[in-house]
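Here come two complexes built around chain A, the first alongside chain B, the second alongside chain C.
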Partner chain A sequence: MAIDSQPQVPQEPVQSPQTLFQQLDRYKGRAGATYSLLPFRFLALDATRFLLTNFTGELLVLPKEVVRLFVHHRLPIHSDIYYRLKSRHFLIDGDSTVPVDLLAAKYRTKQAALSQFTSLFMLVTTLRCNQSCVYCQVSGRSENEHRFDMTEPVADAAVDFMFRSPSSLIKVEFQGGEPLLHFDLVKHIVRSVEQRNASAHRDIEFVIATNLSRLTEEVIHFCRDHNVYFSTSLDGPCDLHNRNRPSFGHGSYKDVVSGIRRVQDTLGPQRISALMTSTRASLQRPREIVDEYVHQGFSSIVLRTLHPYGRAAVLGTGIGYSIDEWLQFYREALRYILELNSQGIVLREATAVLLLRKILTPWATRYVDLQSPAGIGIAGIVINYDGNVYCSDEARMLAEMGDQKFLMGDILSDQYKGIMLSEALLSPLEETLTECMPQCSDCGIQPYCGSDPVRHYRSQGDMVGFKPASDFCKMHLGLVKHLVRLLEDEPAAAKILRTWI
Partner chain B sequence: MLKLYGQSVVSWDGDPFVARLTTDCNRPLAVREQEVLLLANEADCYPEGFRAYVTARERLGNTLAYRPRVLPLPALMGYLTDGDVVHIAPRSGQIHVLYRRHSTANTIFVTGRCNCRCIMCPQPPKPTGEEEHWAPMWLAAIPLMAQDTLELGISGGEPTLVPDDLLEILAACRGHLPHTAVQVLSNGRMFNYMSLCRNITCINHPDLMFGIPIYSDLPYVHDYIVQAENAFDQTVRGIMNLRRYGQRVEVRVVLLRQNVERLPDIAYFIARNLPFVEHVALMGLEPMGYAAASWHDIWVDPADYQAPLEAAVECLTAHRIPVSIYNHQLCVLNRSLWPLAKKSISDWKNEYLGTCQTCGVRANCGGFFASARRRHSKAIHVI
Partner chain C sequence: MDNSQEGCLICSVSEWEMIFELDPAIYRLSAIKKAAYKFADRFHIQLLTSDSGWIKALLKSKAAVENSKAMAGDFCNEVLDQELREVVAEDTRLIRDLLLRQAFSATSLIDAFGDDSDYHTDPKCILRSALSSPIRVDNTAR
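Let's look at the complex of A and B:
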């Protein structure tokens, strides 16, 4: 085992580098004279540029004439743009075969949420509510109508149901109505889930969607001890919030901000998040709304449109607007949020965060609304107070309006298998693969978008829908194009947005 | 630069051996056979039973001069101390330092051969055909290393070219040094073979990481830099295979003229295609070996690539991939990059310039390769 030479002290090469090494051109040449296109989609970003995406979400924005050269195989090999297209897997040449393996791995990564299956369980603990929001999507019942409460047998069956899902994460979201009006049941469910999980070992998250008006000492203590998160609604400054969310007798603003403070102070700022729903009155006030969130100590805001269900669907309420009007509002609000960020104030807009993750990262996102196939049932599921199982929150809102189209079954009388394999889930699911849906399949933002069969069924009477007339489509196109323009054209904004992922 | 190899003036007839150094004359007899006694300067004793005796004295006193197995330490090796492990070839009087007890830069060199010939290789590979077999030496050394050793490198040459040796060494590390983090530096090409990934995984080492280079997002540029056809494809597939087996991977990017311009693209490529890597190291050149010979073709003054370096760091950071900058002096880096600059140059070849003596940030600065004393940025200045 003699070693007679020293491994750690290198020797100078005897030959000169010129004779020792092959020249760069030798390796460069193997790319060949031409290239093949890899699958991609495109969309006009503006008059002069196309947005190109591939099925793993890689994105490039290129001048239209460059894209024309590219698709006609006339792009000069070894040009800068050629390298960008090659590096992001829009084309392949004789240089390497590994892009195919990488695309496969990236596609698998992007679709990883599918193998997790259902992880979000929305439990409608009661339909009763002590507020009467102008846009209420379920038309809550008055406080003493106890027949709209979930019963313990339904809750127990719901807990059994959750643990049938193979997902490593189980997120339980208490919905209403106002779940704090039926807090005993919330406690019961939390305890049963914890008990089950002592042997099941899933990651468990509890969230309670509440207006915080009944936030008692008992609720705070329980939520602290059982790691329950709060999600609330804050629509903006006092007058706007009160107008949107009247409480019987007085406005709800005072209750919600004092509740927010209490949760932040006693449980920590990360334990509560809020979202705002835009009404016509909101559209003129983007800055004030954003300021309200900063003022209340939030680091995240969700800017939402109205959904066409419940009271919001009733014509003549005067709260509605067009998607174009809303997008205008969104752009202004986002601009202001970016301005605040550039001054060192941390505030992220959650819809932008979601879309940026889809655009800029290779990872899968779990958000139910933007999936292909849709996340209905297989990502999130709703168990109503009466034991009815629906494939999405919108589906139960539709049911409250009298249409049981998306009723998957009854938690008490039907088996897990029967519910998950019901026609009410499978047939809409089949119609939600944007990869092969008319118009979506050719759309440049396909990898960032999804489909909402319930919403299209509600607004167009068809689960696939006619996209040029679809608000869902218009909104997401508007959002993605806006974000891509910011990323491409505004370096200061892009720098901030890139940190949001 | 620390001298890790020396030749003594004294030799005797005996087979080469590996032993641990001790300064304690009263060591239990049971372990003396695997230890070499390091005699203090004034000591004039000769306790029986040690494998050999070394002394820093230039001349041996009467007591020692006529005793067997006594070796005067070659010049500049007086730093050797308790717990260090050496390889001694008695017939030629050669001493190699295999392990230093108080260093975090210990590396096991498994082979001198390589299947790449990187244009900036600081340690050019041994020609094939020149067979060597270093594993038995390391297998003898590993049990002598201290159990509380924090980290250990395994390198070459290309360690995967001798897969059986590599596997044996990893198994020995797991057995004898279960608390030591092990990093294998490899070009990753051989991990194309699933069997190698599987066999490594079977060893079940508790703290193992593979450091693998990707020099470009363009395959032909990478292949040119490593001077091997298909190396990029093999390395990328190798990294994916390691991932399949749950192995941890760090990507290492050496910055040179041929790739600095595309540094942000390389970062994006890694973030997008290999997002599971645990760490990315962006590394300055070491002007030794081939790098020294082709210095003018490959070197870019770090002061001239701060913009792409910053963009690359921003991309990786946004993707939550931890990133470090190796082998750069603080004074040539933009301040925003300082928190990422690591003191990465192995202690035995780490030096500073005369100018550095008055520098206010010297304590936090990684300094220079000993070989870079005359080959460094024009931007070097006192802070």
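Let's look at the complex of A and C:
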């Protein structure tokens, strides 16, 4: 015990250091003389350095030889590296249990989002669409095929279902097809949710994922009055966008930029965001794509790969590319974005922001693709136009291709409990924890990565996936390594990246 | 061969095949298996026990390898890294379990008395001591 209950009155006014303090030898057996490892993972960042992450995702980059000395308990104590390892909880020394307690608290914080359960509800209000994108992941139906519209009974059951979730946040995302082709149902759902929430008191967010071609005054006024956000697609300059996203009879670029401007002018720039999907034609034009986003007044851009579903899967050879090629494109685009930032132009790349938050902050993110357990079902869930419930948007896309592997149930006939406890959800969750999967369990970026059983099932025929050949794995390794190199080796870039979180 | 390292002999290398012998006193079988797994997208793998008791790894390439010597060196490095991971895993197994239990336990497993008692009762006599006497750090209690 460190407290003495008896008063201590000095007997001599002045004492020498030798009498005041214990001899140095006394402390050799205490903190710092020996140390114990705390759990951590690592991977090679390059030929000479390891990237190390501890139990909760604290990051260090160290020479390989130093790591070997450290692991074999031969690291000199009281060196700078020793203290860096100690302060970031890679080692523990002395007899303090505080680091263990802190690590446990940090780990609990990282996992806290799990207790919130499902907060994102993606409602496919219609499969009808007025565009014919080359990479369409859901193979949209033509405008007059109304049998692919969600009905009011399905919508009402979906609203009931949402409020069964314990989450304090309910985010409703209207998807398609083109949801504005069935805007009456969107309005019905928004009003129903608001009505229910008058007594439920959740935080509610609405987002419409739209190509903006049917943006009318009525839509704008309704979205203004009900705090609905817009998410759209902008693939780059006019010719590239029109090539990727043709509309019947003409290109769609004019409609989308006009719609973006109207939303920005009437509702404010924060009410609309955009993302781009990369095709082979995009890869040579990173600067032009970034410039287009700046020109359209965006402060954020999402650089996305193709997903192996829908038309992208069928026509893959024409528009596809390797992950290495895409990573090269990403690095060039990010380099240019950083260059613009250094000139005072504010633009953030959203994937980098997500990963940087994981790397540099103690907080969890709710991004469905980068969670373990996987975010499918328990972070986001899809209710299709016909009432089928899927554990992710990709699972719905797979169903459109004829594979109902991840069908969790029917919103009209199944109960909440039955849907959430269906094998279509529980099996992939249980089998694909990154803490347990081959290669993932030892991977240095495990705290920043996640599990995507649907994508691995689609691309490799196995939910766990064979990681040495996984594009998902290769992409996230490439992204994280690149960001860590920028943080470590390029102070000017690191300074900008740290402002993005 | 040049790229061999202690306990990991490169017996032969060609554009279609690499053969290694690994000392089980230096490399655990689990480390060798994990290293082999990382190469399984490009190679068919066989692991055998040789007459000497060392572990023989046969990697047959699925397509001709351009720089096979460098690839062989990469395999040796991978085994070394995987062995290091095994050391860390073994060394930290107990504390990892404790951390997970502590993270999700309703009761502190590290200092249940100190963490879970009601501070009003001053179970460690902190307030009483502070009021009644100056605080002295006691080095002998460690």
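Note that in this section the second predicted complex is superposed on the first by the 467 of 501 C-alpha atoms of A that agree within 3 Å, B and C clash if a C-alpha of one lies under 4 Å from a C-alpha of the other, contacts with A are read in each partner's own complex, and residues count from 1 in each chain.
Please note the rule applied: contacts are C-beta pairs under 8 Å (C-beta built on N, C-alpha and C of every residue); 3 or more make two chains touch, one makes a residue touch a chain.
These numbers were taken from a predicted model, which means no experiment stands behind them.
Contacts of A:83 after superposition: chain B is touched, whereas chain C is not reached.
In the superposition on chain A, contact is made by A:44 with chain C only, not with chain B.
In the overlay built on the shared chain, the residue A:468 is in contact with chain C alone; chain B does not reach it.
Touch criterion not met for A:200: it reaches neither chain B nor chain C. By the touch criterion defined above, A:96 reaches chain B but does not reach chain C. Contact with neither chain B nor chain C is seen for A:346 once the two complexes are overlaid on the shared chain. When the shared chain is aligned, chain B and chain C each come close enough to touch A:105. Once the two complexes are overlaid on the shared chain, A:426 sits clear of chain B and of chain C alike. In the superposition on chain A, contact of A:439 is made with chain C only, not with chain B. Counting contacts as defined above, chain A residues 1-8, 22, 26, 30, 95, 97, 101, 105 meet chain B in one complex and chain C in the other.
On the side of chain B, the complex with chain A involves touching residues 4-5, 16, 87, 89, 92, 94, 96, 107, 109, 112, 117, 119, 122-124, 132-134, 136-137, 140, 157, 217-221, 223-224, 227, 229, 232-233, 236-237, 240, 258, 262, 265, 268-269, 271-273, 275, 288-290, 292-294, 297, 314-315, 318-319, 348. Put simply, chain C touches chain A in their complex at residues 34, 37-42, 81-82, 84-85, 87-89, 91-92, 95-96, 98-100, 102-104, 108, 110-111, 124-126, 128-130, 132-139, 141-142. Of all residues in chain A, those touching chain B in their complex are 1-13, 16-17, 20-22, 24, 26-28, 30-31, 58, 83-84, 86-88, 95-98, 101-102, 105-106, 109, 360-363, 495, 498-499, 501.
The touching residues of chain A, when paired with chain C in their complex, are 1-8, 22, 26, 30, 36-42, 44, 55, 67-68, 71-72, 92, 95, 97, 100-101, 103-105, 107-108, 111, 438-439, 442, 466, 468-469.
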